[in-house]
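Read from first to last, the chains carry the letters A, B, C, D, E and F; within each, the first residue is number 1.
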Amino acid sequence: MPYIEASFFEERFSETKFSGEMVAALTEAVSSILGEEIGSETTVVLHGVPRERWGHGGRTMEKSS
Amino acid sequence: MPYIEASFFEERFSETKFSGEMVAALTEAVSSILGEEIGSETTVVLHGVPRERWGHGGRTMEKSS
Amino acid sequence: MPYIEASFFEERFSETKFSGEMVAALTEAVSSILGEEIGSETTVVLHGVPRERWGHGGRTMEKSS
Amino acid sequence: MPYIEASFFEERFSETKFSGEMVAALTEAVSSILGEEIGSETTVVLHGVPRERWGHGGRTMEKSS
Amino acid sequence: MPYIEASFFEERFSETKFSGEMVAALTEAVSSILGEEIGSETTVVLHGVPRERWGHGGRTMEKSS
Amino acid sequence: MPYIEASFFEERFSETKFSGEMVAALTEAVSSILGEEIGSETTVVLHGVPRERWGHGGRTMEKSS
């Protein structure tokens, strides 16, 4: 029953394959450690966060490269 | 002070009554166990997740029925 | 596939029936709105937070009644 | 490495300075307690929630003042 | 109604004043931007994560200094 | 800057290698899609949830096999 939430910059999702590829890769990571059966029960939810709502060290990320 | 976060497929929210009904139902669930006073202090936040960002068993949900 | 996370004061869990009753009540709330089939696919995760790690209005809750 | 997630009504973000100011203020709060070095490693993610998806005491917030 | 969740290494909480000070500082940060009234309605929940369950760049943090 | 939170049954963590292996595998999954540099900036936080606080279909998981 593992549950995974993964947050990325919203812009990542402009690449249409991104969601499917990331869901598969994160699920495969769980399977590689806990086995295929647990992988088949794994939920992955992806979140997109606009750069201006993601801060690090006190500054929002749209100002960084 | 209970805090509840509930995630659903984004499409659920196209039904305008959905949010109000789900907030009321989840709050009533808390009240039924902890009493009306605690229910009145309960916060419920609803999240909508597009099917293509919700994966189960390695596949995103827009491919499933 | 609804996913619900519900946070309560850790002390609630000293009542052994609490988890089972709250999982059932929150799931029933989903079923009442979205139907039994969706209820049967609903995940509920309960979190216990010590009062001293839960703040409201700038004060931690162990100081309030 | 502190990680902070802060949820506000979505309407707050219509004020363009809001994100930058809130990221800076929350990071400064961490620095004031744990020091500048930890502050510089602090991640802050801001979430906007529409009032109609935010409930308190069983009612969604767009009905309250 | 702002809601803030802040995660730190579990060891921070061995300092008994930490929770109260961090709740006050994070709430004051909200007040400084949105005013005292909103600050008074702000919820802050603090989470402690053991270093060995916190990873960065592929390694768990108890191996780093 | 990806941020991943992964929840598992608490019992998984009784296996001491579990945290390190899962952090590495989930980070490698991100690197495989977004490249090593983004992988090196990825944060993974693992959560352990006791079976009796994890419900599916209205029942807590300690009753299931």
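Observations
By definition in this document, contacts are C-beta pairs under 8 Å (C-beta built on N, C-alpha and C of every residue); 3 or more make two chains touch, one makes a residue touch a chain.
Chain-to-protein mapping (UniProt): A, B, C, D, E, F = 4-oxalocrotonate tautomerase-like domain-containing protein.
Treat the numbers as computed from the prediction; the structure is a model and nothing was measured.
The interface of D-E is repeated, with over half of its contact pairs matching by residue number, by A-F among A-F, A-B or C-F.
Between the interfaces E-F and A-F, more contacting C-beta pairs are found at A-F. Inter-chain centre distance (subunit B to subunit E, centres taken as mean C-alpha positions): 25 Å.
Centre-to-centre spacing of subunit C and subunit E amounts to 21 Å, using the average Cα coordinate of each chain.
Of all residues in subunit C, those touching 2 or more other chains are 1, 3, 7, 26, 28, 43, 45, 54, 56, listed in ascending order.
Chains touching one another, given as pairs, are A-B, A-C, A-D, A-F, B-C, B-D, B-E, C-E, C-F, D-E, D-F, E-F. By the touch criterion given at the top, residues 1-9, 12, 18, 21-22, 25-26, 28-30, 32-34, 54, 56, 61 of subunit A touch subunit F in their complex. Per the touch definition, subunit F reaches subunit D in the complex via residues 1, 3, 43, 45. For subunit A in complex with subunit B, the residues that touch the partner chain are 13, 19-20, 23-24, 26-28, 31, 39-48. Subunit D contributes residues 7, 49, 52-60 to its touches with subunit B in the complex.
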